[in-house]
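Take a look at the structures listed below.
Okay, so subunit A shows up in both of these, paired with subunit B first and subunit C after.
Then we have the complex of A and B:
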């Protein structure tokens, strides 16, 4: 028995894959999205890094080597992609803010400042001026969030601790959905006398409607409130993922979640279908075109075995920077380990170089030369290449 | 579960983390492992293919085998017999279950009374006709209805049977017993394995005759397709699993490959489609939604981020009452936020729980499809 035939099947459910799928679904194409689990974006801060550092990210993009995926995707894909992203998130009730040409600061859980491009509106008020006094609220028992790191790093700041009755970030975030809990939190905060200008909380202000929670607290306290991203599991990352996934479902995209691709069906230079390791019997998902967005080593798109680095779904050839001994710096924290350059080399149409597969496109951090850690360009690169690959794919199908 | 119940340390700690300490053969002490409801959301979420829920399930079974099980566990492991008894004396069971005296007694025995107990029906599916549809119909299906449709909602079971035969299937109702999931969930692997062997024998004989096995209850489906060949390793289980389909998966595939032409009429409905956890766990996507897309006028929204919290018998135990209610509230609020006028879900337990927490009518996806075929119900399938 044959299955549904899709115009495009996207393999990989992270920011890049969903962006590509959304772009195509908005063009009226029938799209399936396959993911073997929740993507690594659930572990991210939820912020969209375009390029690291203060100032204009485009300036730094201009300094990238010609082989970098940003250069391949072109300025239009990035700009259109970010505008598209802002619109989608607005529609999903999780608005983002930020300037495309000027990075903005957020405060990290260790009290340092990081510069990023787009931030969820719950982090909008983290642009703290030097003269401002900050009050940090933490929660009893919460892991990996030490308010004294923040108060040591930020002058004129203090902290207090609220007992939420549960200590996991997911647990606390769920409590904030409850009106009664929110009310108790606000009245406790009002009782802790503090003359500060802004209030910071770890990013746990609810899962579904954090903007409402933040605004309620902010209004009651009469001063700006903002979230500080936490170590994984990250609630803003989870919200980002759920919003993107919801947007795709609302636009008619079909999800196949939880099972990886177990085999592929290929006819000459075209991929015809992939099969999923579903319960009982492999499910076949066929499409006219395919997009690979499975990410790099962390998300399992690439696997470094003893003998070679493999691409795990289609078995594409992988570019690797030299011998294994050349992959790493002597020091772990030195930025720019050579292995970060590993990935799939693509042609100008974002198809695997060599021309052996005509209906497969590749996007996201699995692309060779991305160096996502060094450039801190994770979600930005995912969005730009997702849009670029989707456009090429749509053109190929037309 | 762990997001509302701090006593449960979460799937990672309860599963792979704690497993390292369980390998030494000592008697198990982690009673909290039973707080896992086996929603299997952890398994769907894990991108590295770790069978988190299965690790926990095995630990639960070990714990149960080494400790005396509470009365409720024995009761729910045998829901099949409960159903037989309840439906045979349906009139008395239902009347009794709603009295405050009985409710008090149930609470004493460790049962939750947050939800009204499901009512039993006398005219169960296995008391009704066993075959429907033309003998020479091109599509032959054996309907595994499971306990809920049989004992509690035979009317819905008959609707699904009639929908299938209306669409041109030859439907048989094979002799069947409980799928065994309640027994697994309540720590009784022997009962589960016995049920599995009985079902595989009967269903396997229909598969040999060219029938496809269809299920509507997604938890039964997951047990048939996954647990029979894997966890329970029943001989012949693989053959049954390979030929087992979700009702809507089967119909959607038939529509897509052109073997089934359905003329969907317009409906005026706005439905929140709550995806049962076990449908997610099957990994087959959301087949009913693929059919919903073809129904003119049907407005629907897929909700797959929240577990309803009832998880079969889990929420009917008093010790899980609060956890279940908190999760039910979260999932219910998500449904109400869509502004839908009804909710749909494939799972009987999800529907009971969410109808309670939203006050909305709870439909089976098949009922939505039937609604769109309603204008010409008398028209015989050509």
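Then we have the complex of A and C:
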């Protein structure tokens, strides 16, 4: 067995885990990050939702119950985390924009408006004024994107369809990396498009440098261009993940990718090491502290059996809101199912409540009471608790 | 106004079977159904073509009807019957006396049985509980109730019968106390139509009493809710029954790539407001896993429930044809056919039409048992070879339904109902239960101009709510995980949730 030693070992490669790892790496700690695979943020819009709805997200955070992870993390962790996130994304060439105190609109694939906090620059021009005319570009055969929903929902709009020769979002995004393809797209658009004020495209404008692609189109057409986030697989989600992962690698974080934790070594009230299930021989990863950031049910951090919910890495006790038949209420479109509260209860230091484990910290949507869907606070909560848990962890190690 | 001889209310197996029978006897008729075919109990059953074994100990007459209809349907409905065979398994503690009575009565009724050792039974169904004492094989089959209805309706249409689905009966027209017609509402256009006929056949199952009342009579009924669950794997290739008196969760039926287990029995008042209770799911799953242990750990994709329309035992004006079903002549121009089961739908139709012919004083002979169902070649479903034809434009990834198939179905039916596409192509029948593909099918539907984008989104919302109703009682494990992903798409990315 190979053995490695770190200051901190983070389990979970989503937004919260990478944020925590980055925070610690910037403090000069030796950090490892273990992930079973690409995180669920690849399925997200790529936008940083802090708190649902229009207006100032802080106002709604102020109304959250005391047990909510945002409240535990404190305003500083969220504010500092968002500023940190903006800086990291700038460094990675995937700049985000947005005000920390005022949610901004993006347009959904069915033509409705959704409010979120930080958006990739490629969605910056989504703030369409009522008087403006919009042209939507779609791609032949693309699934999950029906431009007539958009033109129906947005007055003074039209659409046209480009044949990219491939119909998957990932395939089209890859083609936009190619100069020739981009050139053909632009000349097609110049030929077909009528004078409109803005141009919307499903979020497929390249993988590595979407800003360049957007700017090229925008410049050629002489008007703003913006992306509309699509259903999974989501290219902006994938870009977000790749940028975060790249940042961690650039700051010296060590990645164990595609590997799950197969066993835990515990010494009294401390986790000493984890063993990874790898092809070939097993690897033992030792840490002075550990951070659990495996997410909730979708990402597999929690698993709901018929009678009980378990935490899948350390076997931590899970807070479960009542019996199974109470987990979901009857209305699909009314957010707030009780099961959203399920998760790990932590103390003020983001360690599992009960004091049995002294060097394990928990962050992200696996935290009890987070109600991510109801609050629409996914990446915001991941960032705030990632920073908060990392700070507590650094303090514990000092 | 439509004028015909016989008006049939109800597009379940019985109603569709009556339509075919009338068509083959040359009687003009019109069938009205408020939803799609198999909307009630027909579509919410096990999809089991009984050998009769289930009834043989307590009700030999019903068992005898089952085995003779079983033989007929194997012949005439080859494309909707899968000749799986079935087993009755005896677990430790199950009565040996029941087993002896079972074998004796099967012999008397003519149900072919073979007693199998546990080893032999496990060869046939490797997932069986290895603790079984023995198994008895019977000629059970699985049957596709929806396709059965469509094929019966196909003959009717071909012979000039009117089949109106998505038409709700809103009133019965009476003259001097006699039922002479019905008024129906076309649910897609809200247009009200009148249909006049000489006889009205009430084949509306759980809604039978309500329909009979509109005609000035009534049918005393007991409504019994039965709930089933669908496991995401075909854990058995044979129907598996528990060898004991009929009770909850004692039958598992393979169906295409999945298998179904049920049922429960709970008395209810209103057939329009029934829900599966999660406790019923637990009950059925617990019973099913006694026969097939892996049923308890396999992902459940959905639960569903239907209402058995049982006749109250001693209704004074009923004519007892058999213990399985009854034909009631209300002597006001309406005839109700009540009770029975999917396996004997053809016999029920035959007896009902015989009663109608008696009224008309004509003697055309029933031929439904001799002639194979028409249209079996056209409506064969989608074998894998067809489904993989255009892999690039797959709309439903679980069941491999491509865009062309969806468009063809929309255009050939002229339908604005998503359920019509799902029933005919199996779109949305897989593990995600339409969570991803229904959005696409509706996107295509509005692109074909069949509905406006706004209507399409409204339809999507209604579908997602209906879908959730089926999924919610059985949410744990991987299905819960996927459900939260589906939720994150519609409530998150598309922001369709209700906000306070």
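Rule of thumb we're sticking to: the second predicted complex is superposed on the first by the 395 of 398 C-alpha atoms of A that agree within 3 Å, B and C clash if a C-alpha of one lies under 4 Å from a C-alpha of the other, contacts with A are read in each partner's own complex, and residues count from 1 in each chain.
Criterion: a residue touches a chain if its C-beta (ideal position, glycine included) is under 8 Å from a C-beta of that chain, and two chains touch if they have at least 3 such contacts.
Please read all numbers here as calculations on a predicted model, not as lab measurements.
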| item | value |
| --- | --- |
| Side-by-side fit of subunit B and subunit C on subunit A, or clash | fit |
| Partner chain in contact with A:321 - subunit B first, subunit C second, else both or neither | neither |
| Touched partner set for A:208, first subunit B, second subunit C, both or neither | first |
| First, second, both or neither for A:105, with subunit B first and subunit C second | neither |
| Subunit A as apex of subunit B and subunit C, Cα-centre angle in degrees (nearest 10) | 90 |
| Partner chain in contact with A:252 - subunit B first, subunit C second, else both or neither | first |
| Partner chain in contact with A:67 - subunit B first, subunit C second, else both or neither | neither |
| Which superposed partner A:174 touches (first subunit B, second subunit C, both, neither) | first |
| Subunit B versus subunit C as contact partner of A:300, first or second or both or neither | both |
| Touching partner for A:95 - first (subunit B), second (subunit C), both, neither | neither |
| Smallest distance from any CA atom of subunit C to any CA atom of subunit B, in Å, after fitting | 6 |
| Common interface residues of subunit A - those touching subunit B in one complex and subunit C in the other | 40, 167, 300 |
| Residues of subunit B that touch subunit A when the two form their complex | 2-4, 6, 10, 43-49, 222, 224-226, 229, 241-244, 252-254, 256-257, 280-286, 289-290, 293, 301-302, 304-305, 326, 329-330, 333-334, 337 |
| Residues of subunit A defined as touching subunit B within the complex | 1-5, 32, 35-40, 165-168, 170-171, 173-174, 177-178, 208, 242, 249-250, 252, 254-260, 276-281, 283, 299-300 |
| Interfacial residue positions of subunit A with respect to subunit C in the complex | 40, 43-45, 52-53, 108-114, 141, 143-144, 146, 148-149, 152-153, 167, 229-232, 234, 296-298, 300, 303-306, 324-325, 327-328, 330-335, 339, 373, 376, 378 |
| Residue ranges of subunit C in contact with subunit A within the complex | 275, 277-279, 282, 285, 296, 392-393, 395, 436, 439-440, 443, 446-447, 452-454, 456-457, 461, 464-465, 467-469, 472-473, 475-477, 480-481, 484-485, 487-499 |
